[in-house]
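You will see two complexes here that share chain A, one where it goes with chain B and one where it goes with chain C.
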Partner chain A sequence: MNSLDPRVNRLPAVGQPGQVEPRAPLDQFGTFEVFVQAKEGKPFQHEGIVHAPNLEMAFVLAKEAFTRRFTCVSLYVADTRHVYVSAMTEGNTAAWDFINTVADKPGEKISYEIYLLPKRGKQHQHAGTVKAATPEEAMSEAKKQFGSKMVYNVWVIRTSDIRFTSPEEKELWLTLPEKKFRDASDYKGGDKLKEFLERSKIQS
Partner chain B sequence: MNNEAIKELLYKMADDQLILGHRNSEWTGMGPLLEEDIAFSSMAQDKIGQSHALYQLLHQLGEQEPDTVAFMRNAGQFHNCILVELPNGEYDFSLIRHFLYDTAEALRFEMLKQSSYKPLAELAVKIRAELRYHTLHANTWVKQLGSATEESIGRLQHSLEKALPYALGMFEPSPYEADLLSDRIFEGENALREKWMMHVEKVLSQTQLTLPDWKLIEPVYGGRVGQHSNHLQPLLDEMSEVFRIDPTAEW
Partner chain C sequence: MYGGGNTFEGIKTDSLAQEDPVKLAEFEARIDRGEKIEPTDWMPQLYRKQLIRMIEQHAHSEIIGALPEGTWITRAPGFKRKLSLMAKVQDEVGHAQLLYSAAETLGKSREQMIHDLITGKSKYSNIFNYPAFTWADSCFISWLVDAGAIVNQLANAKGSYGPYCRALDRICAEESFHLKYGHHCVIYLAAGTEKQRQMFQDAINRWWKPMMHFFGPSDKISAHTEVLMRWKVKMASNDDMRNQFLDMYVPKIWELGFTIPDPNLKKNPDTGRWEYTEPDWEEFKRVINGDGPCNKERLEVRRVAEERGRWVREALKKPGMAYVTPLA
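This part shows the complex of A and B:
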């Protein structure tokens, strides 16, 4: 069935009796998590996701999707599949209570970034970096270092899985403070509407 | 300082930015994916902003107000190269044009940082961040699609071959080349073209796209002296429709 409505065209066709086949592959790009630093010295905060064919394209697309309006100094991205997530908790139960302590084992340790959710409904914020052999050990290390804070969820990402803004790229946001026209308030929609209504009153 | 030479340089740069900014904005709401729609629209807005800054410089040199200059001229009075006025076509053509044009634009402003005409040198320093993003965006897409699938490579290759004669038209010689050079205002179109070819070769060498022999490409000139394709006037009619009805309209 051909329709101008893309939702109709996406409807699965009626199948054949006895049909068994693998699930259709993803017909969309995968997702990447975007973290933004509002000011020098402030922690990076998770702002949302972009769809992209790879990490580098995700960085390029995240820049305009998440930082074209509000001033910021840096951003970075990581593949959603590279984010390890702890159990979510609520009320008086901290996420730490659900994280197992992993015994320290000899072996190569790599660097992991730690993100904490201080309040349900808020965004995850970067808390620091730990060394660990596995994501589970990184969670356990995070518990040791940040366990005194009340948080409801913990994320860990291998540092090497993140596409950071390079020092030369930090100038990408240089002219942003001047682009006031990108703020919704700059359109002065309310004023224009009021003016229009008053004008129509006079005419009628 | 040679004001006529500076004006010729500013007009062609400003008109390029305005016309391509408008063309690229035609993708708003129709981009291939939401994130790309936002990025491409945002860069189109940057281009219009940059054209405004250049028209301001012209205004300081005695030309009319930016709005008047942008909206009240006819095609024959525009100095943009023909590349930027061509219709968008499919996204592969828009992307290749974005890559070929923005590479040249970024290099031109890079050279102008040294200009003896200070207001232009200052503008070049100020907008370097926007240009860095525009070229990062273009290079990343071209590298991605230029090595992805048979279809993406084939489509980019086709658009590349179509765009190249017009792209060489960006460097149409100016009657003021010698003056610009001797007054150290700008190193000239030839020097820019040489740098541009090297950059284009460098990016395309990281893809499966093939660059035809430069010597076999016949540049399409005329835009800089107001001889345009028949695509420019309809664009101008649409862009200036509201301004021509009511120059004081705000929306």
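This part shows the complex of A and C:
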């Protein structure tokens, strides 16, 4: 290739231009849902997804994709397939209306995290933790605990399926305020511009 | 942020004939009320198709747009400019990831989109088929191409599809630094030596034509988009966005003592609209269809990266791994 970019000129010859081996549909990494806590005391909020080969890489990629510049004190990720989702509703219909109340059964209970969508068009926020034997029971428990709130969608994730930020990892975000070159405030050109305009006026 | 001038497929008059009229009416009423459409909501096939196309083009524009600017990272003047440009290019690639995710919620997988990009099936912003010869070209992109994209994206952020709007909100919030950075670079060239000034003037002369193409074909000849405007997929007409860009940035370019290579460019005081030489839409079509100065290089760089990374992806693959459509 004859490029203006010396790095492009150094690219090795691989395959044929324009030819990419077609892949089987959906032959790709899975997706992981990313939740971010912007400040201490604020609830974790769903921010989006990353594609990753595993939970650990998803955590690293989520840090890069979602917390390069927005404030963050903690984040976590969970495999999209591990999120149990209620019906999506609208108007005056709450998502709770479609969640069955499950009778309390004996047996081992584990914890599940609950996420609610209080307004359509916004993002899911963490509401709390419940103990249940199955995801259905966790939905039902969520209804008991949070059912008085109007919500349009409910997500449930088994706590043990989540890759959390450890206390030591929290320092990942400590350097954020030092990176002034990422801030608009680091690019004040006003004085330079003013001086230039005054100089131009004198010359003309 | 680089998206702009999306091209839409021509819409056939019978394209809504198969849709359930009751559901269609509910869908349109929801949009009229200003509510967002979410991935699990019912939507007409045409809405889904055109949105995928638009968001995908935007995502491709972000990663392809990172190439002409990325070229200048190692040669940016000084450590500070290198850091800034590196952070900016990283942002743009991050924006592509957010946008691909939004498009995926509509049912097209990211790998399929990347495949369609590399094989030339789907398009990206035409402006990146032109080369960045000098540092000043990189400054032109950072300031004015980003400015153009912001005009486009601020409009689209008020659109009807929830995941796309949320991605754009994040993207727009990250953009303020890009625009300031670009303007800062240009002020320093403008206030510099005669050679620096000439360098930026040459960049304007080279980039003005693609910049006028940026917002897409004139409303007089562009595909019929009435239904897309009604559904809040397309939020402003190409000419309106072009006019808004000229209104905001031509005075700033003139203020720095540069000229714009269009003798007919002026604001009509009666209509409040800018008048300009009609851009060459035949050239626009020719370049977008593959015959521009850099089309081959841009796609080849992406293709080689994809091929060279293949073994890493293969090595990381595990049995039981499965892709499902993301949630929101």
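Keep this in mind: the second predicted complex is superposed on the first by the 156 of 204 C-alpha atoms of A that agree within 3 Å, B and C clash if a C-alpha of one lies under 4 Å from a C-alpha of the other, contacts with A are read in each partner's own complex, and residues count from 1 in each chain.
Heads up, the rule we're going with is that contacts are C-beta pairs under 8 Å (C-beta built on N, C-alpha and C of every residue); 3 or more make two chains touch, one makes a residue touch a chain.
Because the structure is predicted, anything quoted here is derived from the model rather than measured.
**Student:** For A:F29, select first, second, both or neither according to whether it touches chain B, chain C, the two together, or no partner.
**Tutor:** After superposition on chain A, A:F29 lies in contact with both partners, chain B and chain C.
**Student:** For A:H51, is the partner it touches chain B (first), chain C (second), both, or none of the two (neither)?
**Tutor:** In the superposition, A:H51 touches chain B and chain C alike.
**Student:** Going by the contact rule set out at the top, does A:V60 touch chain B (first), chain C (second), both, or neither?
**Tutor:** After superposition on chain A, A:V60 lies in contact with chain B alone.
**Student:** Would you sort A:T175 into first (chain B), second (chain C), both or neither based on which partner it touches?
**Tutor:** First partner only, chain B.
**Student:** Which holds for A:I110: it touches chain B only (first), chain C only (second), both, or neither?
**Tutor:** neither
**Student:** Between chain B and chain C, pick out the one touching the greater number of residues of chain A.
**Tutor:** Of chain B and chain C, more residues of chain A lie in contact with C.
**Student:** Is A:G189 touching anything from chain B or chain C once the two structures are fitted on A? First, second, both or neither.
**Tutor:** second
**Student:** In the overlaid three-chain picture, which partner chain does A:G121 touch, first (chain B) or second (chain C), both, or neither?
**Tutor:** In the superposition, A:G121 touches chain C alone.
**Student:** May I ask you to decide whether A:L197 touches chain B, chain C, both, or neither, giving the answer as first, second, both or neither?
**Tutor:** A:L197 contacts chain C only, not chain B.
**Student:** Which of the two partners, first being chain B and second being chain C, lies in contact with A:M150: first, second, both, or neither?
**Tutor:** neither
**Student:** What is the shared patch of chain A, the residues that chain B and chain C both contact?
**Tutor:** 29, 50-51, 53-54, 57, 64-65, 68, 179, 182, 192
**Student:** With touch defined as at the start, can you tell me which chain C residues reach chain A in the complex?
**Tutor:** Touching chain A: residues 30, 35-36, 38, 40-41, 71, 74, 80, 83-84, 87, 90-91, 94, 97-98, 101, 104, 109-112, 115, 118-120, 131-133, 162, 165-167, 170, 173-174, 176-177, 179-181, 183-184, 187-188, 190-191, 255-257, 296-297, 299-301, 303-304, 306-308, 313, 316-318, 321-324, 326-328 of chain C.
**Student:** Any idea which chain B residues touch chain A in the complex?
**Tutor:** My answer: residues 33-36, 38-39, 42-43, 45, 49, 126-130, 132-133, 136-137, 140-141, 144, 148, 250-251.
**Student:** Taking the touch rule as given, give the residues of chain A at its contact with chain B in the complex, in rising order.
**Tutor:** Where chain A meets chain B, its residues are 29, 50-54, 56-57, 60-65, 68, 169, 171-175, 179, 182, 192.
**Student:** Show which residues of chain A lie in contact with chain C when the two form their complex.
**Tutor:** It comes out as residues 1, 3-5, 7-8, 11-12, 14-15, 17-20, 22-23, 25-31, 33, 46-51, 53-54, 57, 64-65, 68-70, 80-81, 83, 85, 88, 90, 120-121, 123-124, 155, 179, 181-184, 186-189, 192-193, 195-197, 199-200.
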